[in-house]
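Quick heads-up: structures coming right below.
You will see two complexes here that share chain A, one where it goes with chain B and one where it goes with chain C.
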Partner chain A sequence: MAYALQQLINGLTLGAMYGLIAIGYTMVYGIIGMINFAHGDIFMVSAFIAVTAFTILAAADVTSIPLALTFVLIVSIFFTSAYGWAVERTAYRPLRGSTRLAPLISAIGMSIFLQNSVQLTQGARVKPIPPVLEGGIVLWDAPGFTVQIGWSQMLIIVTTVILMTAFTWMITQTPFGRQQRACEQDRTMASLLGVNVDRTISFTFMLGAALAAVAGVMVTVYYGVVDFFIGFLAGIKAFTAAVLGGIGSLPGAMLGGLLIGLIESFWAAYLWAEYKDVATFGILCLVLMLRPSGLLGRPEVEKV
Partner chain B sequence: MKKTLLATAVLALGGFSTSALADLAVAIAGPMTGQYASAGDQIRKGAEMAIADINARGGVLGEKLKLEVGDDACDPKQAVSVANTMVNKGIVFMHGHWCSSSTIPASEVYVESDIPMATVSTNPQVTERGLKNIFRIMGRDDQQGLVAGSYIAEKFAGKKVAVVDDKSAYGKGLADEMAKAMEGKGLKPTLRESITAGEKDYSGIVTKLKQAGVEVMAYGGYHTEVALILRQAQAAGLQLTVMGGDTMTNSELVTAAGPAADNVMFTFSPDPRKNPDAAPVVEKFRAAKTEPEGYVLYAYAAMQLFEQAATAAKSTKYADLEKAMRAGSFKTVIGELAFDAKGDQKAPGFVVYRWQGGKYDYAQ
Partner chain C sequence: MSAVVFARHAMTPAERLRDAGWVAFVGLILGIPLVGLTTVDVGGRLGVETRFGLLAAAIAAVFAGRLLLRWAIDQARERKQARDRASTATAADRAHGAQRVVNVLGWVALGASIALPIVFSDNRYVVDTATTVLIYVMLGWGLNVVVGLAGLLDLGYVAFYAVGAYSYALLSTQFGWSFWEALPVSGAMAATFGILLGYPILRLRGDYLAIVTLGFGEIIRIILVNWTEFSNGPNGISSIPRPSFFGLDFTRSAPEGSQTFSGFFGLEFSPMHRLIFLYYLILVLALLTHAFVSRLRKLPVGRAWEALREDEIACQAMGMNTTNIKLSAFAIGAMLGGFAGVFFAARQGFISPESFTFTESAIILAIVVLGGMGSQMGVVLAATLLVLIPEFGRNFAEYRMLLFGLAMVLIMVWRPGGLLAHREPTVRLNALGKTTTTGGTAR
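Our next item is the complex of A and B:
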């Protein structure tokens, strides 16, 4: 029981991070119908920005942890959003209106470009930071096994919940959210009604990047090491989460992320850890067979 | 028009291949990019220094050496295409690849094209397939696993030991051998697990080890994952001693795992840096701000092997080189090299090391 609880905490932490990245995939798909394969690498870039920011803080002798975290989050969100904007501007906007495959290829190219440029400028070695948030609290001192939740795990879960709430509010209640949903439904009609489609799309990319930046900072704090390759697996898993939840659906991405995190940790805990990915993707296949549009996705209606 | 273009292209290609043959081309191949790129970096630095030194001595048989670098990123598919590229470049000797899973498929290409290769890959299958062109300048996983497994069984008798691998050809081979050796000495592993390399989150497996009360983890795989496991184990309040293979020589382990790296032991050939004959070369590397750790001196030695074999054979033809390598004994920075009929090094000798305060030394 104590063991299961510990694995639940592990799974929630992992799932929260997948969910944050998955939103970036799902939003972009919702609005322009393409898979932004460079999104995982945007997440990787944000982790590197976080490491740089932490290093600067350490050099400046800042010891207050809340202050440091806030600073790193702001810096990382700012620069990563700029990356998200630049990627959309250079790699996708010129291809808008061409075939569906063109931006997809361009996205893969962008992904390789980001990965290799970080490798060349930052080196192939892993970049570690000293532990930022050490320790945690013991939740339950069961006989033979103590259930712990680390401060960093708590930070991840709490931040994710706050962000998801704020984000849902933004999409459903604000003027930007309305424009965003309008573009999602029909871009041509939205532009006829005075919505600046290009700006909305740009902003969507920046928003996705900002959420990835939060995930990047969390990963840096939680795992303590980053390298130029982390975007690949994280991107694949988050993309899977988005598809599982129903690509294009925001609550779906969050749900998909959580589910994948939980499946991974419980499968590894009670069954064979080596078949963890088989389980994840097996469940994805099963869901897609029974519900082709994902758990919370709406079936796509051909617009006439 | 099309034909003219084609003809020009063919001509250009022809021009390329002849110009590449002006010097004697030797090659290294390994993960120059990708998650194990730091090992590729070591190989490149070792080989570059060796070739500069050999050329300063006048080259091999009067011809200067030219280094070709192939990047397989430890991907078996990419390794085969790298091998084909290298063959087209007309290389006469290959040092590589690094990952066993790359060396095995790539060697099929080299053997067809009559190119001798010296590798540090440790999976037994590398030399067990009866290929004549492979020479292994490092020990084998079954020897390495035997040393590591016996050490665990002796020093940690009665403790709970988990055997974990990363599902790679190298990692699984090594972990299987360690488990076999432990069981042979009467220590039965409590857990046998596999993880996925390249992930960041190993809290699941760490929790599982903690639940089972495991104190020692015998690990087959690469250093990047060990660093993460150790860090996460520490956060979960689990004291873990790790026994790994030759890949744990990488100082990146210490940068990534921090003080937790002090709990890592591994098997490796006796430290070539301690070889008195290697002292001038070691000095030279340090003067060039490269610590000759891990695979640096092995790459240097591979080039020396080629130089001495070619000089002894008075030829760089495959048949002569192969015969010379199999028959001779070579004085290199990693010690005396001689090979058996399979191409394995005759005196591999593994010892157990331990990381301590950012440096590794023989474990007691």
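Our next item is the complex of A and C:
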């Protein structure tokens, strides 16, 4: 029981991070109908930026943890959004209105490019940082097993909840959100009604990258190690989360992320840890086969 | 949206400078965290190292490159307009001329590939590299059936390559099967996997399919790594028997009751014999693949693939069974990948899950895409380029994947159809309603 509770906490933490990345996939899919394959690598870039920022802070002897976290978050969000913008501008915008496969292949190329440029410029070795947030609260001191929620886990869950609230408000209440939803429904009509479609799409990419940047910082804080290959698996899992929740649906992405995180940690805890990635891929296949529109998605009608 | 097309005037020098300056500024922002700063290991802890010199050089290069690119694009556009005004040749004529060049190129490549081991009969390195090129050509042709002809994006093609390789490795080391016995069985095994995977998922649309196939490729690899009793895990399978020439081994001395290749033909033993034999073996396999695929393109099933690629909904409306058509493309592609895998295992003598990562799938896909989807000759061109470029400069090798990725993006942006792009259906109706076949032989 205590063990299961601990897995629940771990799963929620993991799921919150997947959910943050999944929103980037789902928004981009909603607005231009393509899988942004490079999104996982954008997340990886943000984790590297966070490592560099933390190291700079350590060198500058900054000891206040809230200050350090705020600084790292701002820096990482700024640079990562720039990456999101640049990727869209160079690799996807010229291909708008082209065949369906062309942007996907371009995205795969972009993903390989980002991965290898980080490997070349930052080195292929794993980057460890000293632990930022240690310790936590003991929730339940059961005999033989102590259930604990770490400060970093708490940080991740709380940040995600705050961000999700802010984000939902932004999409439903602000002019940008209205434009974004308009473009999602009908890009031509939106442009006729004076919405700057190009700018809206660019901004969507930046927003997705910013959320991925938050996830990148959180991963750095939580695991303390980063390498250039983390984007691939994280990206696939977040994409699975987006599909599970119903691609194009924002609450769906969050729900899917949480489910994937929970499934993964329970699978690893009770079944075979080495096959936990197989479980994710298996779920992806099953969902796509049985319910392609996901849990909260609308079924898509293809028009000629 | 591409609904609105702006008339572009040629840029003034000031505009060019401003444009390049803007690009350099973006490059600066992107460059600071990755190029300008890096973390290095200083006595067990990380320390920050600045490389602003390198960053400045990179930004200068970006600035100059952008100026040059903008200029080159404008020049090319002007020249194209002038040519379009001057020439009376239609697009169809030009495509026809290009097709002839490609055909001639195909015959030249065939002649060169047959002559290569004779010319370089004592150069181990050249024959080895050429064999690698041919493996990729064969893989590319196999994947071309799935991606190029049927238009199904398969990101887990390497799974079938792995199934072929492991089938042969296990059949030969566990049950003592020979190469020629195992080849068809392994191919069938890969095709079966293709059908098993394909049946449930082929209803999915393009990009979903891509992700599921990617997942499948990873599942196969994870199973190969973790199921140690079956595949010997990450250590792989070693001492896989080499193929023999109609029962003649390529060894110095033959076991009791059989003969060696050199002994039978009265030649002096040389390790090159086996390499040259392997080279011709993969050449024959590749040519058979090519002949097979070219024939298929003219059969109803091949036409159905191309029709499906062009418009799936129209195909359904015409009463075609899209699932079966996709499944046949998937199974045939998988089978060809399986054959290539068997050859790979037989040539290396050792296989491990390391050889079957997503990167490998991406390379094969890059070959198909760069060559021009559906173009047989393009695959040869791209495979040769992608294998040879890193071979030419060894210190270039670490940039290989970087350039791969960059080339994939740039070629997609520049020519969304690939280098030898030419998505002409093999068969089309002409104005009179008579069926004509346009050169589908050496593409």
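We take it that the second predicted complex is superposed on the first by the 285 of 304 C-alpha atoms of A that agree within 3 Å, B and C clash if a C-alpha of one lies under 4 Å from a C-alpha of the other, contacts with A are read in each partner's own complex, and residues count from 1 in each chain.
The working rule: a residue touches a chain if its C-beta (ideal position, glycine included) is under 8 Å from a C-beta of that chain, and two chains touch if they have at least 3 such contacts.
Small disclaimer: the values here were computed from a predicted structure and weren't measured.
In the three-chain model built by superposing on chain A, chain B clashes with chain C. In the superposition on chain A, A:R125 makes contact with both chain B and chain C.
Contacts of A:F232 after superposition: both chain B and chain C are touched.
In the superposed model, A:T99 lies in contact with chain C only, and not with chain B.
Touch criterion met: A:M289 reaches chain C, while chain B stays clear of it. By the touch criterion defined above, A:F71 lies against neither chain B nor chain C after alignment on the C-alpha atoms of chain A.
Of the two partner chains, chain C is the only one that A:S191 touches; chain B does not reach it.
Once the two complexes are overlaid on the shared chain, A:V219 sits against chain B while remaining clear of chain C. By the touch criterion defined above, A:G109 reaches chain C but does not reach chain B. By the touch criterion stated above, A:D277 is placed in contact with chain B and with chain C alike. After superposition on chain A, the stretch of chain B that runs into chain C among 37-45, 55-63, 145-153 or 163-171 is 163-171. Touched by chain B in one complex and by chain C in the other are residues 116, 125, 128, 130, 232, 272, 274, 277 of chain A. Residues 3, 6-7, 10-11, 13-14, 116, 119, 124-126, 128, 130-131, 134, 136, 144-146, 148, 150, 152, 219, 223-225, 227, 229-230, 232-234, 264-265, 268-269, 272-274, 276-277 of chain A are the ones that touch chain B when the two sit in their complex. Chain contact summary for the complex, chain B toward chain A: residues 33-35, 37-38, 40-41, 167, 193-196, 198-201, 203-205, 207-208, 210-211, 213, 224, 227-228, 231-232, 235-237, 252, 255-256, 258. Residue ranges on chain A touching chain C, taken from their complex, read 34-35, 45, 48-49, 51-52, 55-56, 58-59, 79, 82-83, 86, 90-91, 94-106, 108-118, 120-123, 125, 127-130, 187-188, 191, 197, 232, 236, 239, 243, 272, 274-275, 277-278, 280-282, 284-285, 288-289, 292, 302, 304. In the complex of the two chains, the chain C residues touching chain A come out as 1-4, 26, 29-30, 32-35, 37-41, 45-48, 147, 151, 153, 155, 200-201, 203-208, 210-212, 214-216, 218-219, 222-223, 225-226, 313, 358-359, 362, 365-366, 369, 373, 398-399, 401-402, 404-409, 412-413, 416.
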